[in-house]
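Multiple structures follow.
Next come two complexes, and both contain chain A; in the first it sits with chain B, in the second with chain C.
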Partner chain A sequence: MSSTDTAPSRTASAGTAMRTTAPRRAREGTSERRAGYWWYVLPGAIGFLAVVAVPFGMNLWYSLTSFRGVGDPVFIGFDNYRRLLGDPLFWASFRHSVAFIVAMAILPTAIGVVVAAVLFNYISPKFGTKVASVLRATYYLPQILPIAVAGVLWKWMYQPQYGIINTTLRDLGLGGLAQNWLGDSDLAVYAVMNVLVWLQVGYTVVVFMAGLSRVDPALYEAAELDGATWLQQFRAITLNQLRPEIAVVLITTSVAALKVFAPIFVLTRGGPGTSTIVPAYFSFANFFTTNKVGYGAAVASVLALMISVVAVALLRYQTRNSEGFEDGRG
Partner chain B sequence: MAVDSLEKAVVNPATPPAPPARRVKRRKRGVSGWLVLALVAGVGLLMLFPFWIAVVNAFKPAPDYIANGPVSLPTELDFSALVDFWGGVDFNRKLLNSVVISGSVAVIAVALSLLSAFAIGIGRIRGRVWILALFMLAFTIPQEALVYPLFVLTRDLGLYDTTTGVVIILSVLQSAFGTYMLSSVLGTFPPEVLEAARLDGATRFQVLRLVVLPLTRPTMAVLMTFFFIWTWNDFFLPLVLLPSADNQTVSVALGALSGQYTSDPTALAAASLAGILPALLFFLLFQRTLMRGVNLGAVK
Partner chain C sequence: MRKHPLRLATAVAAALALVTTGCSSGGDSGDPDTLKVWWWETDDSALSAAWKEAVSIFEREHPGVTVEQELKTYEQVQQSGRLILDSDDTPDVLEYLKGNATAGVVAEAGLLTDLTDVAETRGWKLDNTAQDVGLYDDNGLMGSGKRYGITNYGEYVGVWYNQDLFARNNVPVPTTPAEFEGALKTFADKGITPLALGSADYPGPHLLYTLALAHMDQRSLAAYQRFEGEPDWSAWEKAATTMREWVERKYISTDSTGIPAQDAGNAFIAGQYPMFVSGTWWSGQIAEQPTFQVGQFLFPGNELHPGSGGNLWVVPAKAKNKDLAYDFLEITQRPEVQNSLAKKGGVPVAAEPGSASSAMGLLVGDRFTELLSGDGGGLAWYPDWPVAGLNDVLLANTTDLVGGDASPRQVVEAIKAAYDAGKPSA
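So, the complex of A and B:
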């Protein structure tokens, strides 16, 4: 975030017409000069009002009403929220969110740290940075794919009769392991999780490799002299030094996992049954499939609240962290 | 498995992905070195496998697939699945829609971001911390909490199922992130440069256009690339706000495919390939920018 100090040299000079540099005008120019900048926020502010603030307010209003998309919303107070708390589907959707946090945040972070450390501290010195960059790009490639495309691709690979996973299992004589991956309500969650890990790993690898590039090589050199093994260096230096990146990545990817929609829509539409339903899809289905707009709005509001809590945690961590940096460097 | 840290290549974070800055003497790689490389490369191949398998099967005649399965190379090159998909969904039209929407959003969102960030980072307007917090809210809020009202509002304004409506909405949402990023970049803008411009009698707008704009061009290029690709990949809002086939984007067209074509084993491979190709093109074009940008967004 931008720092809040104002350089004295800048407050001393007036803004607009500076042909006449009278010191007097410079003094009183400060507030007027700042006011002039408000014009520049205006387009963004109008956009924010029209696209975020007003719609969000409307969504909150809908959540307090009975509204089926046609006619006028009828105020019913907190009934939708009360119903939510007793709705097993609502709880199931958040349980699946936990599974997808594992698949999008925890597993990719764990894998990413190890892969980044191996590429940066092992492959790169032994085989050159070029090899490491190519491997990094390889891991990153799924990230550039539209999720809808990734979904179609994996749906095709998971297909029970002719999909590559089952045909390969049969070819290997392991036909007994062939499953209806996305059609089995016990397996579907894991099948989706697998796709999400594949999608996310590249992001964490890239971020952590960039993080490692700012670590002082002297730390590793010292550890080397002390005879520390690669694993010891990984634990003592890499994990420690990457702590800010790990925290930021964990939080941002958890937010993404709470919001996950497209992979569910494309792969399973929340099914089979409700075995992969998530809050985003649950509210979407209420809005546009069953037309329970008020109820869907309540789900969306609860989701927004949860995500805001996580986002505030991120913000606090980042500000605290950057303050720490400034202190550390004097 | 000790690492000789003297060999460790120094990667300068300012210019990733760093070229080998100096010819490092590579000491013995050893058996364990090759083993680790094989392992990491093996996992990398696993990551690439879905891409490969889509390419192989997109050009395979359906009987060949049924006889030899998905792993084998095609016995003959058959473009019919790809051609069928392309014509069947009018893929040219979707590509055009995606290019127009993503391009417009990238330009408009960067312009909006620059204007707001100029006021926040350079102008240091009062309440900027609160404004930034609001902008941050705009890109963390789940779109589900905005979508129904946006649907109602665009319908009432005659913008439902129009490119214009989607472009406006996505530009604003993405500029929230852009403002956040650019504000912190402009917050560290060298004061002497601004001071010099003001002494030369530059107006606010001249400072923006002649001083700030040229010096922040690299950051803006990163932002524009990201906005383009994010919009290209965006799914949820285009799905809801662009229902008719003529207005659909590539992403939505492919997402709508799920459930179809299940009897034809090569059709989905062809569809996937059609979706992969533009993404791959962007990746090759923008690889450096992308890698730099990921880092820009992740840490501060």
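So, the complex of A and C:
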């Protein structure tokens, strides 16, 4: 049986080795050899330029024009941005983004960490790893389902008249609880949030289970010998050890929540009214239905900026707080 | 060593230039013996059947010319149409969306071929109001100016009704607004929601517009659709008030805010509702249902009804084989193609009288001819046409109205604000 600090020390020593050997190799290499490596970067660089940098630059340029998608763009400076600041729909779309961060990042992370811990520490030892794997795959299923299919599925389930949710409620004599799920402007945002949680939990469960597999079992054994309850083990070991994974999941899901588009497009198209509109859909609507390409580009630029700010802030916070990432800071 | 990043940048720029020029050149200058035709109508539609017949006639009359037909989706053309028309790989003939925000924008930008002289030289008979959807002025406004497209079918919104349900509940077919409200009340009193409505989709705005048209005349219609004067927003407020009252009286279900058009149509076809206010594009599906006798009447009391010529055939300005394209357009107007459209339940614009072989074909075809002539009313186009993006605003506000989230006044103010913001400044 390995000692409790084997795994971390192995990681740390590997990190140290990389830090010490990499500069040495660089010093050993000639400039000609390094020049040779540039060609390996080339395909990625071309791809980045063609798919990200150039379109983003063009988007920035269009955001300064009154472009309608055809004809010549007319430069109007920051007018689109000024208009954006006073557009209540734009701000409403960002308010909904906060709800969707809860649905795509916070709730799935919280649920995922509990489910992963139950699967790893309870189901797996008691019923076997196969059962845990099957359950994990079940949680992950929504992730492999195309979003259009998942959306149509949920639309059927939410359908107010013959949807399975309302018909089941009515069959159980709970007809009073039947709702116009996606058609009620007070409820729609929660109905969409529910779908997003359902979609995201599988991702967090898989990541956290992978994270738990690297935690030394001796930690749990020692805690058990000390008489720690499952909840105490969960708080002291599971949550603590999963900090790097939690940080990564929070970053990726928060960014995904800010740019969420497909589920909104399939489920509600921002409605009823504008009760579920999000920035990405707002931008899309300006691009393709109102011909205000310049304005849509401004929305997209602000969205990109906000996503970058959130991602950088979360990354910095995570780098400061996570031991797992401190090693790679140097 | 410092040179390497520069070298890399140069290489990347060169590669990028190659990639972009490769993309934009689009290859050939067009095979003179190929006609490229793109449309989005699915194979089971009357339009697709008629146009396939047009293709076979074209091939018969142009031996040696190959027709390359590609099936697109409506969304593809709606969202990427401008890029398709602006590319060097554009087709010779394209089915395109009518309206100021679509065909109007690309016509104004010079991406469509002006067909005015072609139509005159070739003697195309386009002197009916259904063909107004192909005319655009210098500002891209539909209805007058040069001809950029032609249509070969029409459509209008009426009231589909279930004759069996009407008979079973002793409800006579209404001919006046009062009788219509009486019919709604009779059904509601018996616990039957009278109107199938999908206000999560276009039927909501269509019903609101139909109710507004009850208070509009040709002058206020021209003001709304053609910016000829100030629109009569009081007509819209009366319509919104009526619609809200209908929700409160249970003539319309508040659930309709969560129901798309297809679900509403399906529910009507399944016999769950006595009436469905929607367009002739449903005629094929409704005619196929075997469970009840179906009828259709125009919205009682209205002189104007939502409707128009159908979507357009356009010839892109960058099309390679325009003469072949004109030949194809000509064929789609021929009686044999138009009659074929009528036989399948479509609404032709130039069919021979009595050419429809089905009861549904005769019903909708004859009524459309009547609306075109203006004798029994007129075509009022659609509520979202004047201004780009108005559809989203109408939809959002209709759902708010039906859901009780906004008052009739708030709804009309929001529609007016979007209309005013989007209308041409000149």
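Annotations for the structure displayed:
In the analysis below, the second predicted complex is superposed on the first by the 283 of 330 C-alpha atoms of A that agree within 3 Å, B and C clash if a C-alpha of one lies under 4 Å from a C-alpha of the other, contacts with A are read in each partner's own complex, and residues count from 1 in each chain.
Here is the rule we go by: a contact is a pair of C-beta atoms (placed from the backbone, for glycine too) under 8 Å apart; a residue touches a chain by one contact, two chains touch by 3 or more.
Keep in mind that what you see is a predicted model, and the values were worked out from it rather than measured.
Once the two complexes are overlaid on the shared chain, A:Thr229 sits against chain B while remaining clear of chain C.
Touch criterion met: A:Asn291 reaches chain C, while chain B stays clear of it. Contacts of A:Gly273 after superposition on the shared chain: chain C is touched, whereas chain B is not.
Residue contacts after overlaying the shared chain place A:Asn180 against chain C, while chain B stays out of touching range.
Contact with chain B, but none with chain C, is seen for A:Ala210 once the two complexes are overlaid on the shared chain. Contacts of A:Asn194 after superposition on the shared chain: neither chain B nor chain C is touched. In the superposed model, A:Val70 lies in contact with chain C only, and not with chain B. In the superposition on chain A, A:Tyr158 contacts chain C only, with no contact to chain B.
On chain A, the surface patch touched by chain B in one complex and by chain C in the other comprises residues 34, 38, 41, 45, 50, 54, 159, 288.
Within the complex formed with chain A, the chain C residues making contact are 1, 4-5, 7-8, 11-12, 15-16, 19-20, 78-79, 82, 86, 101, 105-106, 108-111, 199-200, 254-259, 263, 267, 388-389, 391-392, 395-397, 399-400, 403, 405-406, 422.
Chain contact summary for the complex, chain A toward chain C: residues 31, 34-35, 38, 41-42, 45-46, 49-50, 54, 68-71, 158-161, 180-185, 270-274, 285-286, 288-292.
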